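Across the two complexes that follow, subunit A remains constant while its partner is subunit B and subsequently subunit C.
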Partner chain A sequence: MADLVLDIKDLVVHYETEDADVHAVNGISFQLGKKTTLGLVGETGAGKTTTALSILNLVPNPPGKIKSGSIVLDGVDVLKLSQEELEKVRGNDVAMIFQDPMTALNPVMTVGEQIAESVELHEKVSKQEAMERAKEMLRLVGIAENRAYDYPHQFSGGMKQRVVIAIALACNPKLLIADEPTTALDVTIQAQVLELMKNLIREYDMSMILITHDLGVVAEICDDVAVVYAGRIVEIGTADDIFNHTHHPYTEGLFDSLPNLKERGEELQPIKGLMPDPSNLPPGCSFAPRCPYATDACSKKVPELRPVGGTSSSKHMVACDAYDDPKFCLRRNKDGK
Partner chain B sequence: MIKYIVKRLLQLIPVIIVTSFLIYWAMNLTSGDPALLIAGDKATPEMLEQIREEMGLNDPFLVRYGRYMLGMIQGDMGESYITGKDVFQTFMETLPNTLMLGGAAVLIAVIIALPLGIYTAIHQSTWKDNVGMVFALFGTAMPNFWLGLMLILLFSLKLGWFPSGGKAGFSSVVLPAVTVGYGLAALIMRTTRSSMLDVIRQDYMTTARAKGCSERQVIFRHGLKNALIPIITAIGMQISMIMTGSVLAETVFSWPGIGRLVNDSIARRDNEMVTGAIIMCSICMCLINLVVDLVYAFFDPRIKAQYAKKG
Partner chain C sequence: MANKIILEVDNLTKYFNTPGGLLHAVDGISFKLEEGKTLGVVGESGCGKSTTGRTILKLLQPTSGKIIFDGEDITSYGMKKMRRLRQEMQMIFQDPFSSLDPRQNVMQLISEPIIEHKLLKGRAAIEKRTRELMDIVGLAQRYVNVYPHELDGGRRQRIGIARALAVDPKLIVCDEPVSALDVSIQAQVLNLLKELQREYGLTYIFITHDLSVVKYFSDDIAVMYLGQMVEKAPSDLLFQKPTHPYTKALLSAIPIPTVGKERPQRQLIKGEITSPVNLPDECRFNKRCDFAHDICKKGNPSLKEIAPGHFVACSRVDEFVG
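On to the complex of A and B.
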């Protein structure tokens, strides 16, 4: 498996706070190949950010605790590294872009310094050389280099996110983790920033994990998609698998709750109910309480990911025991064909 | 920036006029008849009247105040009727002592409080944090003079390391500075702790970690500078308070500072001295505030940008 950049197995992360034991991630496994972009999709609180932070071993502790699992990055288990080794990986092999550009930058350092810092941390360069690189990075993300000496408060939200991207890419990482990079931005700016990321990823042959709850964004840039619900992956496959051969009832629910521009006026069908409280997950399939197809058996045991046969790719897996019945088929797929 | 400083200095003028007016007015209300003080008990009413006439005490209040202000601009705040000393000169001679004690105290406070505040913030709600907080609690709760007396007992009477009072060389400032400094350290430490706690939660700290900064770099390079504004405010407030607030410590250690000067002058009913010293103190506080505001700009580019805009 030389082509894997990242291989996560059975990751379990809990937040142990005073009032509750939050089961944020409950056995997530996925692999990421070279030059691929994986979309991590799911509603707020599904454990997407926690999964991403785990890859850098940056889950805030306390209260966060990585209970078990392995995260193999280029052949090395991140969870077994010492603090110093981790610091060498962070920003250098794996970089992360955070959701809110307004708060992700240090307000009392110039943006140039903040980009240069990344370079200085990982490469043997002088301060001037690092600053030169910082300016180069700024140009790369579409900001004039003389702005390197400005402070974050002098930039707009979209520009700040470009700076954050510049920081992340400064050391040419193999893997970029983007945690809802455009959620906090205006729609027009969103498109620009996404376009920029897409181009840079391609240009630098990076792999990317793109966390989002926006299926439109996923369709735009992702090769693979993993749908996360209550700390578990419920469906994973190529973008084509997920969009055109949807298999999990939750994924279907996500699509149904999207506004359909072609058939305006048609009513949205939001998924009924709320995601279960991760400190008090139901037994069995955590989607069962909201699932229109659920049977009694669903709340007995947690469904395992199983390969989906037929027209789908070999990557396509779904965690739904309804498929024990070979005739089971989602409504969406019935009407389609 | 320079424009801003000039503007702030100009703004000081009305502030000084108003405060000095209030102080002069209040002191005028409460003070006795200076003529009586000068002439003594045996003076005849004619003598008193003559003295009043000579000193312009019979002029209307505003005229007297105007005369006082005119003198002040030239560094003349009159003489004490009791000691005969020049008020402005006496104040200026005493000021360095206060600055020395205050400076040393603040230095000690900062040296103790900053690291301790950061340390307790990083180890929030562990026993290390609790020990630090107890230390701070003692600092706030313990009366200044009592700590001073204990220090004298131990370090000058018993061990003989430092003089017990007066001002003679470096060693004499140590005990009073520790006494005052410990009280200050408590407040600065708590401010540092809470400010650091705020900062530790910020997203840019995670960004710094994700870049590969070590924990030390995260705290000191990214955290501390962001946490400094409230800390500087606390330190600035403390410095203003030291101007007049360390009377007790100054008394315990017979330290010839402003606090004691004012205190002694009040006891002597030396109104000229009290009025002058208080007006000068308020001017000093205004200047300290200005310096603190300028220090803000040095640490926070957002504040600096604001100043530049205000021009």
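On to the complex of A and C.
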């Protein structure tokens, strides 16, 4: 398909340490279309960030090791590129925004210089031109131009994140990877930054992978959603599929754990137990030990992603073998919600 | 009123002297809290919510105002007099990673307050009570000799809760107790806190920036902005009829996890929280407020009761309600 920006197939990443072999990513495959925003949702340690780092081949090695799989970015397999070729891709075709804007910026360079630096690295422009471009970028993210000569500590958290976004967008990337970009910000500032990102993506015709644990943020901004658990995608589809036709028990558990703003139920229904240790994953379906629907069969075989069909979109897939039984249905869907 | 008032805070202020001037961290907070209830305190970073919690527990000495706990005016109590009261007022901290001594195991951590306050004598009795507390907060007995770094955030937070419970407190100030936890674990801890409240009749002050958590958890909610309460109301009422422009903006900024259905229009507020140093005598929100008028520059509005239990501090409140 010509409309794909990114095509990941069977990605497996392990962190090999002396004590243990941590299976961070265990066969993740997904495709990202042009001008699409995909939300990668999951809890701490699900392998979201490792997947994102793999796209830029940035997994720290050692101990991290991409064991197998392919990551095709705009027709080129990133994993087969040399360091030099990779450096052209990073920042130019793909840019990344990290969670913590406080540590992502260099404290001894003015923010203008930092934006200009990334322009100079990737494009043949003079210092002045780069600085002009930096000011333009600042204006674009809603910061006054004259603040280009200020240092990061003179900015608030929300403003710093805007600067980071300006750096990421300075070279007009095709794909933006945002790793928890608003998690460190206050809600009102988060709303401002999300709005800004939404507009910029549309304006620049970019694709985005948004990594987050916040289902609210996903609903706000994402077209597609992939739910990740223990290094595997357990459910993937359009936002409507995931939110309104939930099929995986883990996804259901995530929704049930959220305090409901509309009605105040007496008790939340948390998922029992904890995320499994990625260096010692249970056999079969990794979610089985915590799953209220699990049967003996679940711990025997790793479930494959299967199309959901029915009222869902063609993209909707779920990895749960309970659907071998055609009558199987989650509680959430039974109530007619 | 059915329940007795366990905590009364009257015009509490806490200022800090900084090189730039006087920092108004907490600026005239008043409320009453009934036994067995929960007051949720919400606001953004720097609004003074944590300082309020700490000042109430006298971990910080208030600049002025009054704190009356269980009928006793504790405002001027020193360390010695507070020691006895520490048993009755406890705190649970945000970060279970830095609030536990890494060199103590679970047994030592949970028994420390029992030994410190001389609640029980003899090793056997202390150990029995510690194990009992582990059961209460849902920590499996096999963790008794384990150190904090071996545990995940949810379990560490359970240790923090067990430490607070060890002395049989009446009031617990929970400062962002679930912010550092994943949603599924967050729900487990929230359920635990609620269950303990029912069981032991605990009173909570629940400090958080997460409005959905606070709604689930609180009887009353106080919204803070730059050291002051701008609105206070029973939980459901605040969400149904938010009246202060800041509360409205705060509520509409919450990302709602639904797709396709009734998504309300976002009401973005401009700008960011201003510096709490050397504040002029005007409404503290007026520079960011869409409804600001000349009157908002004339004096800082105080809380006004617009309906039973519903207080708003806004110069134009009559127009909004009318």
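We take it that the second predicted complex is superposed on the first by the 334 of 337 C-alpha atoms of A that agree within 3 Å, B and C clash if a C-alpha of one lies under 4 Å from a C-alpha of the other, contacts with A are read in each partner's own complex, and residues count from 1 in each chain.
Here, contacts are C-beta pairs under 8 Å (C-beta built on N, C-alpha and C of every residue); 3 or more make two chains touch, one makes a residue touch a chain.
These numbers were taken from a predicted model, which means no experiment stands behind them.
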> When the two structures are laid over each other on subunit A, do subunit B and subunit C clash or fit?
Replying inline: fit
>> Output check: A:107 vs subunit B and subunit C. Expected answer is one of first, second, both, neither. What do you get?
In response: first
> For A:167, is the partner it touches subunit B (first), subunit C (second), both, or none of the two (neither)?
Replying inline: first
> Touching A:90, do we find subunit B (first), subunit C (second), both, or neither?
Replying inline: first
>> For the overlaid complexes, name the partner, subunit B or subunit C, with more touching residues on subunit A.
In response: C
> First (subunit B), second (subunit C), both or neither: which does A:310 touch?
Replying inline: neither
>> Applying the document's definition of touch, where does A:153 land relative to subunit B and subunit C: first, second, both, or neither?
In response: first
> Now for A:118: first (subunit B), second (subunit C), both, or neither, which partner does it touch?
Replying inline: first
>> In the superposition on the shared chain, how near does any CA atom of subunit B get to one of subunit C? Answer in angstrom.
In response: 9
> Intersection of subunit A residues contacting subunit B with those contacting subunit C?
Replying inline: none
>> Which stretch or stretches of subunit A touch subunit C in the complex?
In response: 43-44, 156-159, 186-192, 194-195, 213-220, 239-240, 242-244, 253-261, 264-265, 267-271, 274-275
> Along subunit C, where are the residues that touch subunit A in the complex?
Replying inline: 44-45, 152, 154, 182-188, 190-191, 194, 209, 211-213, 215-217, 235-236, 239, 249-250, 252-261, 266, 268-269, 272-273
> Once bound in the complex, which stretches of subunit A touch subunit B?
Replying inline: 56, 58, 83-84, 87-92, 95-96, 98, 100, 103-110, 117-118, 121-122, 151, 153-154, 164, 167
>> Applying the document's contact rule, which stretches of subunit B touch subunit A when the two form their complex?
In response: 202-204, 206-215, 221-222, 225-226, 299-302, 305
